[in-house]
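Paired with chain B in one complex and with chain C in the other, chain A is shared by the two complexes that follow.
The block that comes next holds the complex of A and B.
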């Protein structure tokens, strides 16, 4: 189910003198199974965009199309949207409220029409994807878990619905390096399984390593868009953008300034390491 | 020593399970020192610093902050004025819808004489490069600006110690740079700084790194000593800064740099010297 936006605009408090035009005329198409990153400074419209994609806000102008159908149309069956698009907000761990982990994860399936056995099987599977041992965790109180565990339980609650399109808002903020790595590995696995991933993040290194395509928002418009590598390679010519280069890219530029030219297109850590090994030889051939 | 703690242990005692969040911690910080507290989620970093101004009551051990015994409940207010804290999410730290009122709030609470307040508010805003934003609403600011306003509210009380509890975790790269820059300025002014982070890159500029793991101090020393120790960092599930990883990965491939670099600048320098 591709998701498309056409000439999408959103204004907060349109009637007020303090109205804020958060998005202005966005066009974007996200195909099935893509992994798309959305970057941009605070206030650039990232959160507004994903809330529109999930149908939580109604466009001021323009349309959001899911599988070709306008999700704001009067006759649109919004239960299709709810089943298809899952959204994980910032700090999802603050949204846990049930008495046990299993009940919390099952909450989104309440009106799904699934029977008890099916619900339990979905909950078990979602918790296992998030790295839990179902038998150990399902009866615990979610409030007694650590911050990182809570976040994984909250995400399991979204996964239980088995959405085809998953939207994450700053999912790695506040996670330590190990937590960040294992979260991104899980996401990569979901992506390999065919789920479309849309991820808002400030973390340049994470986006450069994992996404296929990037959208950079600035003042409510798309400032840059394309394959991840291409977008990163264009960043140096767009120095008004608040988007940082990845660490590896920054080092490649600093080396170039000192007269050491490495091949074009160094974005990730492995790109840089490979190029340095090739350049500096070290007596051994890289395998 | 502006902070002197010995044998600090602490348990949150969820369900009476009594797992120790802090286990026999000793800590000492000099006046004017910049200390980075590094460790993974759940290592005890926040629990430790919340003892400094008695947000958590000490259960075992002793802790003196500016010669005040933190277990003395009568000194709590004086303690909190000396040791200010900035937290992760700036949105949770505002009480007013106008920047200057938000900063004045703390001053009024501490019964700072009314005539002193305007000067203190504008001084604090100048310190965080937010002069001119007095009448704005905190909610309309960028992440970095919000965090700087939250910090101004702390600085208006002129604390000797400022604690940053993952104060950059929510910010975009621009906001993160802004806040780190101000932390360095405050350090240069002579404030004692404690900065909690799990980004090794942010700990590079500290005087001292305290590495925490499982509620204990795993190591303590100069950033170069701690952050370049690959084995130690892996043990506590921290990722060393990229230049350190590059140094070790290149070494494995038979390319040996003259020294292990800590910053990107040092790395570039070391590479250029090879040629």
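The block that comes next holds the complex of A and C.
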């Protein structure tokens, strides 16, 4: 189910003299199974864009098409949208409310028409994906868990619906390196399983490692868009953009400036490692 | 603060927006007094002129400024009819049973309805152009004299302003939580009352948790910064009124004094 965005604009408080034109004339197409990153400085309209994609805001102008159908249309069946598109906000742990973890994770399946056995198996699966032991956790109160555990339970609640398109707003902000790594591994697995992933992040390292395509927003418009590698390669020529290079890319630039002749297009740590190995002639594995 | 608070305050940069909230509050009282004491066509003309100027200067779109009063038309009609039908006058134009329509009655009806509508428009102009936090601060500073009769006005002001301070934050958080639950497939429409109440649990529980979390954080932060009740606080000197504030006050004062003069 591809998502298409046509000439999309959104204005907050349109009646005020201080109305905010958060998005202006966005055109975008996200195909099935893609992993798309969205970056841009704070206030550039990233969160607004993904809320429009999930049908949580209604466009001021333009359309969002899911599988070719306008999701804001009067006769559109919203339950299709809810089943297809899952969204994880920055602090998903704040949405927990049920008395047990299992009930909370099952909340999104209430209107799915699945029977009790199917619901339980989905809940078990979602919790296991998020690294929990179902039998240990399912009867606990979600409100008594630690912050990190709450967050994973909340994400499990979104995964239980098995959405084909998953949207994350700043998912790795506030996670420690280990948490960030395991979260990204999980996302990569979902992506390999065919789920479309759309991820808003300020973390260029994460975006450079995992995404296939990047959209850079600036003042509510698309400033740069393309394959991740191409976008990162173009960044140095767009120094008006507030988007940093990835760390590996920066190291490569520093080494090049000190006279080391490295190939073009080093974006990820793997690229850098590969290039350095070739350069230094060492065949040994890195420790 | 992202969300316009009550859905009513509309940020702007007009001279009316920029006025000190204390001045605006006193102006409101003066203008309300003017409306109540207005008795002649000239008086109402004057008030209408003042309102038009305020709305123009504040750059308020007409449907926002007058809309709320306009939407009250069923209520206003009832007021009019009651006044017109039941006003006892000596020279009715038409009488039947207990109903008497007289010129004086109709006039009285128009009078009352106009007053109510004008009061709504004027108050609305205040809330449209003034942030709620500003209004409470102004209220707090205007109730200061009540300290003389033993009311702990500092504490009252503190409580009001903390409460008001958290409304936008909580609204923003509530908005996020609502969106998250809708995205998870929550449905807030149901016909049976118990079902309906239950369907709001996914909103109410997280919002309460958020409120308590905020309150905890605030209490800790206030304690860490050495807050021990408002009593021992060094009084904060409020910013003095500026020239435009005094000008606005003068205008409103003149309008209400003129009303009294026009009565004769």
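FYI, the second predicted complex is superposed on the first by the 281 of 287 C-alpha atoms of A that agree within 3 Å, B and C clash if a C-alpha of one lies under 4 Å from a C-alpha of the other, contacts with A are read in each partner's own complex, and residues count from 1 in each chain.
In this text, contacts are C-beta pairs under 8 Å (C-beta built on N, C-alpha and C of every residue); 3 or more make two chains touch, one makes a residue touch a chain.
Model, not experiment: these values are computed from the prediction.
Asker: State whether A:74 touches chain B only (first), chain C only (second), both chains, or neither.
Answerer: Neither partner.
Asker: Between chain B (first) and chain C (second), which does A:54 come into contact with in this model arrangement: first, second, both, or neither?
Answerer: So A:54 only meets chain C here.
Asker: Applying the touch criterion given at the start, work out whether A:41 contacts chain B, chain C, both or neither, answering first, second, both or neither.
Answerer: After superposing on A, A:41 lies in contact with chain B but is clear of chain C.
Asker: Looking only at contacts as defined up top, I'd like to know whether chain B or chain C touches more of chain A.
Answerer: B
Asker: For A:15, is the partner it touches chain B (first), chain C (second), both, or none of the two (neither)?
Answerer: In the superposition, A:15 contacts chain C only.
Asker: Applying the document's definition of touch, where does A:179 land relative to chain B and chain C: first, second, both, or neither?
Answerer: first
Asker: Touching A:250, do we find chain B (first), chain C (second), both, or neither?
Answerer: After superposing on A, A:250 lies in contact with chain B but is clear of chain C.
Asker: Touching A:280 in the superposition: chain B (first), chain C (second), both, neither?
Answerer: First partner only, chain B.
Asker: If you stack the two complexes on chain A, which partner ends up touching A:158: first (chain B), second (chain C), both, or neither?
Answerer: second
Asker: Touching chain B in one complex and chain C in the other: list those residues of chain A.
Answerer: In chain A, positions 91 sit in both the chain B and chain C interfaces.
Asker: Touching chain C in the complex: which residues of chain A?
Answerer: Against chain C, the touching part of chain A is residues 12-13, 15-18, 51, 54, 56, 79, 82-83, 85-87, 89, 91-92, 94-97, 107-112, 143, 157-158, 161.
Asker: Name, in rising order, each residue of chain B that touches chain A in their complex.
Answerer: Contact set of chain B toward chain A: 14-15, 39-42, 88-89, 142-144, 166, 169-176, 198, 237-239, 242-243, 245-246, 249-250, 253-255, 264-265, 267-268, 271-272, 274-275.
Asker: Under the stated contact criterion, what part of chain A meets chain B in this complex?
Answerer: 40-43, 91, 144, 146-148, 170, 173-179, 181, 202, 204, 242-244, 247-248, 250-251, 254-255, 258-260, 269, 272-273, 276-277, 280-284, 286
Asker: Mind listing the chain C positions that touch chain A in their complex?
Answerer: Those residues of chain C that touch chain A are 2, 4, 10-14, 59, 61, 64, 173, 176-177, 179-187, 201-202, 205-206, 209-210.
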